[in-house]
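Data first, discussion second: the structure below is written as structure tokens.
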Amino acid sequence: MRLLVVNSNTTESVTTRIDAAARAAASPGTVVETVSAPFGLPLIVSRADWLVAGPATLAALAARRGQYDAAVIACFGDPGLDAAKELLDVPVLGISEAAFHAASMLGRRFGVVSFTAALRPMFEECLAHHGLVGRCAGFRMGPAFAGDPGLVAEQRADLLVDLCRQSVEQDGAEAVILAGGPLAGLAPVIADRVPVPLVDGTAAAVRMAEALVGLAPAPRPKRGRALTGFAPELAALYAAG
Amino acid sequence: MRLLVVNSNTTESVTTRIDAAARAAASPGTVVETVSAPFGLPLIVSRADWLVAGPATLAALAARRGQYDAAVIACFGDPGLDAAKELLDVPVLGISEAAFHAASMLGRRFGVVSFTAALRPMFEECLAHHGLVGRCAGFRMGPAFAGDPGLVAEQRADLLVDLCRQSVEQDGAEAVILAGGPLAGLAPVIADRVPVPLVDGTAAAVRMAEALVGLAPAPRPKRGRALTGFAPELAALYAAG
Amino acid sequence: MRLLVVNSNTTESVTTRIDAAARAAASPGTVVETVSAPFGLPLIVSRADWLVAGPATLAALAARRGQYDAAVIACFGDPGLDAAKELLDVPVLGISEAAFHAASMLGRRFGVVSFTAALRPMFEECLAHHGLVGRCAGFRMGPAFAGDPGLVAEQRADLLVDLCRQSVEQDGAEAVILAGGPLAGLAPVIADRVPVPLVDGTAAAVRMAEALVGLAPAPRPKRGRALTGFAPELAALYAAG
Amino acid sequence: MRLLVVNSNTTESVTTRIDAAARAAASPGTVVETVSAPFGLPLIVSRADWLVAGPATLAALAARRGQYDAAVIACFGDPGLDAAKELLDVPVLGISEAAFHAASMLGRRFGVVSFTAALRPMFEECLAHHGLVGRCAGFRMGPAFAGDPGLVAEQRADLLVDLCRQSVEQDGAEAVILAGGPLAGLAPVIADRVPVPLVDGTAAAVRMAEALVGLAPAPRPKRGRALTGFAPELAALYAAG
Amino acid sequence: MRLLVVNSNTTESVTTRIDAAARAAASPGTVVETVSAPFGLPLIVSRADWLVAGPATLAALAARRGQYDAAVIACFGDPGLDAAKELLDVPVLGISEAAFHAASMLGRRFGVVSFTAALRPMFEECLAHHGLVGRCAGFRMGPAFAGDPGLVAEQRADLLVDLCRQSVEQDGAEAVILAGGPLAGLAPVIADRVPVPLVDGTAAAVRMAEALVGLAPAPRPKRGRALTGFAPELAALYAAG
Amino acid sequence: MRLLVVNSNTTESVTTRIDAAARAAASPGTVVETVSAPFGLPLIVSRADWLVAGPATLAALAARRGQYDAAVIACFGDPGLDAAKELLDVPVLGISEAAFHAASMLGRRFGVVSFTAALRPMFEECLAHHGLVGRCAGFRMGPAFAGDPGLVAEQRADLLVDLCRQSVEQDGAEAVILAGGPLAGLAPVIADRVPVPLVDGTAAAVRMAEALVGLAPAPRPKRGRALTGFAPELAALYAAG
């Protein structure tokens, strides 16, 4: 199967990380292509960022329409996810959505760990949106971060291990999600230092996408409409219905 | 005070209705200006529609920045609301947000009535987002609608009265929200046929905006950032922080 | 419009504070009259206090029936509020109700700060009653207090600023409610020391009352009944239906 | 043990019913005394009624202070319950509280049946207050009622059997509460016509009160205060702390 | 009445404690018999333990069928409780179920205290199962424990008093449950050192069982079925329907 | 990978159905073995059935320990699932768990359809246990069923299509779960008659198990203990820790 992975921000170093994590997680028969959002912002932090990252993500998905069997939105917060599910006729998964569901199947209560507290409100709203608040043991986040998102995983690895352990020992987490696109690929590196399963959203989404392809096809009603003021490929997607 | 009202869709006949309803509700000292979204879609129905209507709404708000003391997003579903609250330094209210809060103060349980069932999922998610599910007595929606949104209020007035009465008698509603931008201005027309307060989102938002102006000012931290690929006024708003 | 504000306790120094805060928040055309409960208790702290403050508040409202266009119950906990909404044919707002709704429109998550932990259970039950638990970031309360409630706002101003900052920094509050009738008027005094909007329940209730007057009138069914054993004005209100 | 049962309304025919039901449920060593509220209303239906019934109930409890080992508030809605628990140093139970807890122990999901829909809002708020909404399978209520509350149990017995059966068959109730003081004593009369346990609030409260007496004594801190404007016995209770 | 109490684990020293606590709580006319699970595990800690303790508990209940008027499952976590309620035609109560309900009637919010954190996940799931999460002020648990469960109550009495006080002072508990079969009988020993009611699950269950016997009989439909692979008495219970 | 599928009941015709559905869903490299519970009951309907099916399921899992890389418990209700996750060091998935999570990723709200209302309470408790009640649009169940569970899928296919359509049209389901082991394999047969994705729990569990294998390994602490009174293989599993 062909899998398109979209990094919803414009930072190429993060896209490279995500691509490597996605390829490492993919099954042998899966061909992975990873792209950055064609426009938008270098890091998605606030609610406003999340909103504008949505059409940017849709534009990337629309530009390659017909060239993939499933897609992954690789930004923790899942910008554009619900819209993409409505507009496309292949499975689309967000990395937070996949992480929450995978973690729920790996442990009764999961913790969420990330590198900066600035992301917590977006993550909390995303968790509530997916309806799994009751399965979450709590959040553990690092302090403010102002460097290169493509390097934060290595720079804050020790801190993240500590946060994971606190999640297990103090919050009772039975699985821990390493949240945020910039942390893609970190889980296998630090897994042996944390006593419960570590979930990487990108890896989870890749494998969940493989699982859903072909599981439950459904005809999608067409209702082509004229969208103005957005990228041509997004308008084309709307026109196609 | 100066109040900007933005219709998040591009249908001028709906904008005209909203403008009339807003002016009718405004206090003497309030100057109302109502505009349509500069681009996007003629009616906001689906989750995808809601997403793309967000930047369209922000573009309208950004284009007149500095020319209003408060703003209302006049689309039931509140596209772009959270982002606008982050980006602007004046109060911004959505008409669903205002309707939910006003109705909660007028009755313990409120019903939500609208002209077409197609809007229900968006309304339900909007209600959940605002955290007032526990105050809602239920939804009563009319059948599918394919005509001019600017005329539906009059065309379906009798049906809407029936739905309001069902909400009161069968669901126990103590106030009823007439939901959806296209129903702006209908509440006073049918109020004497329904035995509980009828809440018009546009009117509620106008009066709530008047109430909030000056109530609780707060300095907003500036963090100007470069947004690419969107309308220049929206990029300017991001750059201003 | 004419607005009656009722302090549900019998402490005149608190009534004086509330009156000043109400007048400061009122629009030019609003005539404010503030009264104490005609009997009851000097401070409302426990569930039992809340109960007996209800009929005391109703008696104050009943005594001036027909002389106001809207009323505010100025005791955080809203004693008698639901009954007053049933019995009166003008809008009645509680200061906690108004604070919770106003704060929800000013920030996604609001904190609640007050001068003594003894009030927390009553505030928590009041919050749950209004259905907005999901919007609350948490409570921050000062230690036990035994002095004059009319002076506590000034005496504990520095402590309250600290609690507000903790609410923002540790709980993630995007708006903070200064809760309790005795804190009326404090918000503008300390607003420049807290980085998010501060909500004063009295001010919020005054402005929300102005907003609701005329927004959604509804005929109220009359069902006069004989109430015995309470103040004559309350019996008269019941007899009037 | 000595048990005081207070009917929170002033209708003697209902008090007589409640007294008979309480005596039928009491264990051999329990001495039951049942009294009406000394003032207030003949039937408790609305939120306003509930409020004024609270001090009336407290007055009855205060008048006999020291003469009982436990007390039951025999009005479905439990007016004055939380206050009574704070003010008295013996166990006080409400008949709805007892019914909800007993029914929860008799079946995973319980239905609530009563003679008139007018009581539903009060019952729902009472259920929410006790925190057992998740155990409730739903409400089934008869139509409006305007007769003698002391006779409604017999007059509507067949209707109530039908509602109980609907609760079992359509809502999945595994136990059914016959709710409302006026239905005291009906459960054993119709029990053989309903296929699940029927819970009478009065009987449940009597037996729960017997169970709690002596189970868990705790010293209650004294804090005598001056209450004005209420019946002398209630002021005395407050003064005693 | 005859009451069978089943300790769901196989540790006789715990059974002895439970028996003493049950007899101390029972009314004069109640004959108590306490038995250990006939097989299974010496201590029930994990979810797997809980599962296998279920049939072991049912086997004990089945072996004495017809010889008791009510039964108590004396293991905090209530293994086998729902099944026992379905299979037996007398009231069956779990000690956690009884403790949660009794504590709810003794205080608005109850704390849960136990000797080892290892039990917390099981207790939390049990609390959620009974639907009373909203009434719980929080858990306070001691550290890991590896000694004789029959002695832990005395060995950790001081620690448990401290945890109870923290529950009251920091969590706002108005009643505290001493949770876990091994703590049976401790409550009266330390009650004078804690300022709120202390609830012993065994005592609560004994008294609740007395309360429920005869309260609400209901015919139980018979549907005899063949169960294979379990103890003969359990198969006999299934065959009897 | 090697996948063990356990039918938690003893009906071979159901096991045969499940085996066919599992093989049809498995990826090319997956070797599927399906077994019945070695003892227990022919159909799992009640809470008591669910309990005794747990050790029966564990016995099947224990008997083949070391011979599979992941396991599926193929009984809607997931008996023994939490225990199996604790005791085994490979991923174990229940078919209801997998169906709920897969359906959540295929649509915002999923319906649950099955052949007999008798299963509804067990399904509802299972859904609540997995924490996804908020994602469920409702249940649609057929009438009582007394025939061969191995044939019900074909016998009631038309009825099930109708229930699926009601779930979509009246409840707003965006995906529908065909619930219950006896319906394994029906989804692809009727998929073209329902306008949203149909989720077969067995197929979903097989693909989710493939996805989770290797995703997030974690060392499992060993704590061997002596379990008495159960099948030797189950005791061996406990002894191994």
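Each chain carries a letter (A, B, C, D, E and F) given by its place in the written order, and its residues are counted from 1.
Quick note on the criterion: contacts are C-beta pairs under 8 Å (C-beta built on N, C-alpha and C of every residue); 3 or more make two chains touch, one makes a residue touch a chain.
Worth saying up front: this structure is predicted, and the values here are computed from it rather than measured.
Of all chains in the assembly, those touching chain B and also chain D are C, F. In summary, the interface at A-B recurs among the listed pairs B-C, E-F or B-D; the equivalent pair, sharing over half of its contacts by residue number, is E-F. The angle of the rotation superposing chain C on chain E, based on CA atoms and rounded to the nearest 5, is 120 degrees. Inter-chain spacing, taken between the CA centroids of chain A and chain D, is 53 Å. A straight line joining the Cα centres of chain D and chain E is 28 Å long. Centroids built from CA atoms put chain D at 31 Å from chain C. With centres set at the average Cα position, the gap from chain A to chain C is 44 Å. Shared contact sites, meaning residues of chain C that touch two or more other chains, fall at 82, 85, 108.
Here, these are the chain pairs in contact: A-B, A-C, A-E, A-F, B-C, B-D, B-F, C-D, C-E, D-E, D-F, E-F.
Within the complex, the chain B residues that touch chain A are 10, 38-42, 46-48, 50-52, 54-56, 58-59, 80, 82-87, 225-231, 234, 238.
Only residues 108-109, 172 of chain D touch chain F when the two sit together in their complex. Looking at the complex, you find that chain E touches chain D at residues 25, 27, 82, 91, 93, 97-98, 101-102, 104-108, 130-132, 134-135, 175, 187, 191, 194-200, 203-204, 207-208, 210-212, 215-219, 221. By the touch criterion given at the top, residues 120-121, 125 of chain A touch chain C in their complex.
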